[in-house]
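Naming follows writing order (A, B, C, D, E and F), and every chain is counted from residue 1.
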Amino acid sequence: MVITFGEMMMRLSPPDFQRFEQANTLEIIFGGCESNVAVALANWEMPASHVTRFPSNPLGKAAKQFLDKNGVHTSFIQLQGERLGLYFLENGVAMRAGRIVYDRYHSAFAEIEVGAFDWEQIFESAKWFHWSGITPALSENCAKECLRALEVAKQKNVFVSADIYYRSNLWKYGKKPQEVMPELVQYCDLVLANEQNLEEIFGIKMEKTANPFVSSASKMIEKYPKIKKVVDTERISISASHNQIKAKMFNGKDFLETEYQEINPIVDRIGGGDAFMAGLIYGLLSYQDDQKALDFGICASALKHTIEGDTNLATVAEIENLMRGDASGRLKR
Amino acid sequence: MVITFGEMMMRLSPPDFQRFEQANTLEIIFGGCESNVAVALANWEMPASHVTRFPSNPLGKAAKQFLDKNGVHTSFIQLQGERLGLYFLENGVAMRAGRIVYDRYHSAFAEIEVGAFDWEQIFESAKWFHWSGITPALSENCAKECLRALEVAKQKNVFVSADIYYRSNLWKYGKKPQEVMPELVQYCDLVLANEQNLEEIFGIKMEKTANPFVSSASKMIEKYPKIKKVVDTERISISASHNQIKAKMFNGKDFLETEYQEINPIVDRIGGGDAFMAGLIYGLLSYQDDQKALDFGICASALKHTIEGDTNLATVAEIENLMRGDASGRLKR
Amino acid sequence: MVITFGEMMMRLSPPDFQRFEQANTLEIIFGGCESNVAVALANWEMPASHVTRFPSNPLGKAAKQFLDKNGVHTSFIQLQGERLGLYFLENGVAMRAGRIVYDRYHSAFAEIEVGAFDWEQIFESAKWFHWSGITPALSENCAKECLRALEVAKQKNVFVSADIYYRSNLWKYGKKPQEVMPELVQYCDLVLANEQNLEEIFGIKMEKTANPFVSSASKMIEKYPKIKKVVDTERISISASHNQIKAKMFNGKDFLETEYQEINPIVDRIGGGDAFMAGLIYGLLSYQDDQKALDFGICASALKHTIEGDTNLATVAEIENLMRGDASGRLKR
Amino acid sequence: MVITFGEMMMRLSPPDFQRFEQANTLEIIFGGCESNVAVALANWEMPASHVTRFPSNPLGKAAKQFLDKNGVHTSFIQLQGERLGLYFLENGVAMRAGRIVYDRYHSAFAEIEVGAFDWEQIFESAKWFHWSGITPALSENCAKECLRALEVAKQKNVFVSADIYYRSNLWKYGKKPQEVMPELVQYCDLVLANEQNLEEIFGIKMEKTANPFVSSASKMIEKYPKIKKVVDTERISISASHNQIKAKMFNGKDFLETEYQEINPIVDRIGGGDAFMAGLIYGLLSYQDDQKALDFGICASALKHTIEGDTNLATVAEIENLMRGDASGRLKR
Amino acid sequence: MVITFGEMMMRLSPPDFQRFEQANTLEIIFGGCESNVAVALANWEMPASHVTRFPSNPLGKAAKQFLDKNGVHTSFIQLQGERLGLYFLENGVAMRAGRIVYDRYHSAFAEIEVGAFDWEQIFESAKWFHWSGITPALSENCAKECLRALEVAKQKNVFVSADIYYRSNLWKYGKKPQEVMPELVQYCDLVLANEQNLEEIFGIKMEKTANPFVSSASKMIEKYPKIKKVVDTERISISASHNQIKAKMFNGKDFLETEYQEINPIVDRIGGGDAFMAGLIYGLLSYQDDQKALDFGICASALKHTIEGDTNLATVAEIENLMRGDASGRLKR
Amino acid sequence: MVITFGEMMMRLSPPDFQRFEQANTLEIIFGGCESNVAVALANWEMPASHVTRFPSNPLGKAAKQFLDKNGVHTSFIQLQGERLGLYFLENGVAMRAGRIVYDRYHSAFAEIEVGAFDWEQIFESAKWFHWSGITPALSENCAKECLRALEVAKQKNVFVSADIYYRSNLWKYGKKPQEVMPELVQYCDLVLANEQNLEEIFGIKMEKTANPFVSSASKMIEKYPKIKKVVDTERISISASHNQIKAKMFNGKDFLETEYQEINPIVDRIGGGDAFMAGLIYGLLSYQDDQKALDFGICASALKHTIEGDTNLATVAEIENLMRGDASGRLKR
């Protein structure tokens, strides 16, 4: 069982390429950095359980049903509290960028109390725990609950991955990521981060080497010796409709990278990074081969861009087909 | 110019008769108890200006554009603050009741500072000011700003109407309506309230007379001598799709009431009371005749029930046609 | 073959019960007083051919395809001229009336030249010709072409029915119906008209008898001896959503009438009269029994009110079921 | 755990009141006589598991996800076979009846082999088993598998209910219900059937007594002594939009019945009977009181008619509110 | 008159780029390999008549109306039998392939009896007959009826074209294409096939020459001397959204080919081959010039990819404009 | 205040890439060459007032509300006359061109009387007046009213820009542009026109120089000495989905031009030229720098192509970001 922990929001988007001011309806989708990972894994028939809190109202019930529908285990989800986190997404196209208006503060999840979840029970049959840097940014209690989870995970030998997601305008409750993240990251086995993140949050100075990612990653592993792998993705944004992405890993020994995947047109760019993370977890657990895992991750991410919503509904067969180099999109009858 | 003051929210509803759990899209409409009055008046070509605050984001801009489109003056609307108040509406039908999930706390309007609005300027060319009991329920600052507005209105001889709207679960910030409303109501010339409201909030004991509304209303007028008229509506709810409504007034001297209007089927029940209030204001200003004003109000309210959204888009001609007793709905070519 | 002659327009309606000002999309349907008759007959597998002109553009092509889809013969339809007649329809509901904005002037049909159609060929295998009072109202040429058609119909012994449809604001080109209609009506075998029409247009004074319809109809038959039957419908409009309709006939000898049909709720009221006319034609041709024909007509009309669009898609089986008194609407599996 | 067994189909309906010929899109909903019971129970937080087979294609996966979303246990559902059963539904309104076109033959479920399901395991923690007369009508194997289930249920003391659903045109594979149903019904504790069913299928002659239902039901109980209760509903169909329904029971001793529930307008009539059955099961298990169970059932059924789709999403609170006589549909804020 | 023979199915697709599991509605379109040819020809005002059978239910009626609307002659279409063939299409985009789930077995067409159609009458005024390899794959009777048609066509000197369409998973009734197709193909004047088809079905060994298509085609013509032309298309699939297509022909003497047409983005890829076939027929009949016919065919096919649905609604003017090299897509006012 | 003068039409488009014949709904948008300029300027918070006439019906009211919503001043708009100008737009894609069917003749605007507008009052606080060559093409009165406006503008020293828009099929009332435009253009300070326009309408012979635009423009300025700048755009149309655009100016002294902007995919091409004009006006008034104004114009135009509708809703920040060379479309959180 893979355990994911974090907020899942209701996403509301104007249809097609409408701007917010043009919209008369909004399309409902649910997504969150960590639950997106759980949904992708469940879709690939790898058991996953998401831990969060939704409000005890019909919107919270709908959020939970989204996970149930997608086969994610929801037995550790709590239905209490006041409001569901929301975000409004306007799609980008060509040279026009997409826009997000967040409305997630004071959500049921952000306002959890410390000790809200019984991590002993949650990790009972777990082999992997995934969290992200968004959760400790939401509230002081979220940061503390994250630490509680990590302590139990360590003690139960659960493998821990973290997406060191960083946007300065997320941290509004008074603490800075530099005060919070280092304590949390020391419990991790794998981190997704780029050199800028490592410098800004963990003080790992970037070096002007041929491969600065490798130098930063190896210093990170030195500093936090539980970390075994540092991974990252690179995105060349030709336009909002046309991107190229690749992935790379430093596993303490080797530097690995994938080919670029060409995505044109992009249907929905949201959740592309989470799809990579899910693919990487799936790949590491299925193949025991870092390169194949990285390839699965980037192909999963590329296909995610062709699917509406935050979550990846591409099949293992489709991803493996793309890994074999077939990007032709030929009709399957 | 009629001035209205209060929050306008984005309303998000599943289409047709879907339950929240079934919805894949939500329809966007904007509404608020007081802005609904302004929109109706503007639609009837009576100048109206709404005073509120929307966040400085695309959703706030869309809210303002809704009022602009409908001809309401928006020069006193401020675009600042964090979030737009929201509410989610599930339509009722037959014996199934509609449901509302409010998500309006911490909105840009609820978090205004005292002194946010320049009431001297706002009331410069005003002849009527309308507010409701929702505003002082939202936050202590809202209550105080309401009082500031009322003081200036009095001093400038602006006629003041209030909708003594009361739902106990609205008052969450610590004060009770009994502590706040009496001070505000003494500035009013006309109040919309039923006997229960008058007893609960103002301590006017209901009497078991033939017409308890008249006894309560006359005691209210005695207690708050600036009040000249007390009005109310009555609703017989045969089902969520079929209602009968009428209106009544005590004007300090006479008791007036309307016939019942039969509404079947109801398209959208939200804003029915606000449509009555708008109609009453329009009627009093246009006809100088309490009975005709009351009739215009109840016919405006009845027609509102046939229109999607919180606001009344029925024309004066349609309302006057209904006042003449023509409920036949015959096609106009 | 039943021949119908007249304009068919594109109808554009806001969805559901939206007002024009609320609409962001318009639903496309095609309809016209006479083509509605042809579509209903074709639906019941009685051969029908509609004669008209559409512009030679994609909208005209779409109009023709609507008739083709519904099985109406279109070989006498001409694709030439400038614009397609349009009308905008806002649905009514409860006490709110529907509204129509016509935009049909200068249409390809209104601007036909006299002699546009080869009536000798058109009536070659015809047994019935149906026209309405709308056509001579559109333009002087339309009135003249109508007369040309009637002359040939008479000479070929084609049975002629007319819907003496009268709205004063239709006649805009300078002539009055009183100048035009009497010459046309003398070629008719059956007319649909009420006493008011007969008085206004043909100068048949209404009498205050027990059955003024019979007295007016019998005087009409006296005055225009080719007329054999005068028919009419009565509509009690409880609201835009709830009507009761019945039909009546004076066949020169007997007065016949139907029961009232109760329609609640109304889905689409447009074309209700045309559905009656089509049903009457079908009934007269199929049953050779005035009462059964009248019953078929009113039941066809009632069922039309439950169907979106101007045209009647109820089946003969459904209509005959209603004629037997079954209005229960029980599911057919 | 309540176990339900039978086919669930994809239902495809034109939107609103469109006829099939008018439709350009079809709305997808899933439903089946027995799975509708499971969904309703799960919605009321009574554990329910549905046993069926869906094809191993994306449509089968979507069907399973519908049950997952609604909280029904799906661990005994098999994904194999060729096609998903379908049905096309055209909504009725006013006097126009709804129409269903079934397309369910050769479905994955209809083509199960005998022995497809491991009933020992399925009934391990079951307390109730519900099946209907549709299943043995689909194929000989379905009938045989039904018998296998019933034998195990009996042996494990699982309470058995059956909906003796009978449409002659369902039985197409060669056997008649009279040959199959008697053997199956002897395993039942509760049957839903009317006097006509009991006569046609089980040869229980209807008697012209004051209450023929009681006489037939008591003879049925005599003949099949495992049966403890016979229940039925009555529907007065004023139109496709307006029905009145009530329920009745003979429990071997007493005749019980409910008040009529008035439903106007009907949003979706499909699954009304299944909602009653689900409500009855919920009521019997929750209240241990036949009258309250019958009341819960009929109120659940009435509310179902206000909800789109085959399944009942009314809450226990809404149903109990209606049981207390509140059909007012007043908005819940 | 061009006669086409084969099944037309209802196609059901999730809107936009939704996966099946995300869909709440399905869009209805009709299509079939052979009827697509007839619709394209009718659209270009070349008379075409499609021969098939639809079930005698509202879905069958809707299918027929689709052909009527598009101007195809439907007088030889039979309305009888049980079910309409269906297929479900999920659109592909970028590197994600589209998916089709067929549900066409046991359809009214597949279950025709031998002798179902009166080919003497059908071919009375025919000059061209088009069929495809799908029909003999559906059932033994379909294969036999195909042979009956071909025998009459030969005897009446109707020109015969065949699309040697081959998917192994279509042939489910026991026969192999190698047993059936050779007998049928000997009646053909023109076949659409690639070298793989010719080898697999007709045993024409591919040769590693500079132009293996020409060698295979010329051996095919040798083996089946009635064949005068072998044609094929080539598709380079850069992604599901971006393809390049060209066409080629061996006419017994010369090898002809077209330029590549670049299609980006693809709106709907289904029916691209049928559009080529229709264009080729149109071109051969209109221009009497193999190269121009081939060019018309490939340009028709390219434009088809920009149109929703299986059928080609591009105009002759649009196709000829593209033949002249104008792919600029400049707005036509 | 910028004053714009001209017709605004209701635009009706099939959704997505449907052809007219496939459409069942039409999407409503409003647009016109000159009002598009006003909407863009108002969106950028530069005061703009549009002068026109709409019919006094609900469609005219909706048109006015569109401008109100977008912040354009509407106090000089008249609600009178018969019909609203319409146009039907079918979107193009890939090599398929978009199509427009105009239906604008006999509109309320085209039928204005000379002297309809009080230009003295309109230009009271104006600094810029923009008109186009469409207006004098609509009717003789429109041409005369245009001249009246220009005379007053000159006398009040209002800067005048004109879009010398020319389509021969627009001029239907008897006059030719060569008879009308020269008199009007002499009042202009800035004209948007290409060399072909200048030759056809004003008799400025094109020269085969290295930069024929500069030679034509400088001769134009010589001939009409009030003109200070001649501007134009160039469009390379790779397909209906992929264009490259740039702008150029001759300001009497220097030739300026912009880089090409690459637009792929195009969402909506209509109004691209008007967006350039609006951007140029905004740039000239804001930057006092011809090159920056030209850059702002072309970037505004490029972004317009990514927005549904005729009008530009891109923000100043987005346009300035693109001016800095960022076409990456990276998501804004």
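Criterion: a contact is a pair of C-beta atoms (placed from the backbone, for glycine too) under 8 Å apart; a residue touches a chain by one contact, two chains touch by 3 or more.
A quick map from chain label to UniProt name: A, B, C, D, E, F = 2-dehydro-3-deoxygluconokinase.
Predicted model, so just to flag it, every value in this text is computed and none were measured.
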For this session: Show which chains lie in contact with chain A and also with chain F.
Result: B, E
Exercise. Among the chains, which one keeps its Cα centre farthest from the Cα centre of chain C?
Worked result: A
Exercise. What pair in A-F, A-B or A-E shares over half of its contact pairs, by residue number, with C-F?
Worked result: A-B
For this session: Please state whether D-E or A-D has more C-beta contact pairs across its interface.
Result: D-E
Seminar exercise, completed: Rounded to the nearest Å, the gap separating the Cα centres of chain D and chain F is 63
Problem set entry | Averaged-CA centre spacing for the pair chain F and chain B, given as whole angstrom | 42
Problem set entry | Shared-contact residues (touching 2 or more other chains) in chain F | 16, 19, 21, 24, 65, 99, 265
Problem set entry | Complete list of chain pairs which touch one another | A-B, A-D, A-E, A-F, B-C, B-D, B-F, C-D, C-E, C-F, D-E, E-F
Exercise. Given the complex with chain C, which residues does chain B contribute to the contact?
Worked result: 261-267, 302-303, 305-309, 313-314, 318, 322, 327-333
Exercise. Which of the residues in chain C come into contact with chain E in the complex?
Worked result: 65-66, 68-71
Exercise. Quick one: in the complex, what on chain A touches chain F?
Worked result: 16-19, 21-22, 92-100, 102, 167, 169, 237-242, 265, 269-270
For this session: Enumerate the contact residues on chain D facing chain E in the complex.
Result: 12, 15, 19-21, 23-28, 57-59, 61-62, 65, 82-84, 86, 88, 90, 99, 101, 103, 105-106
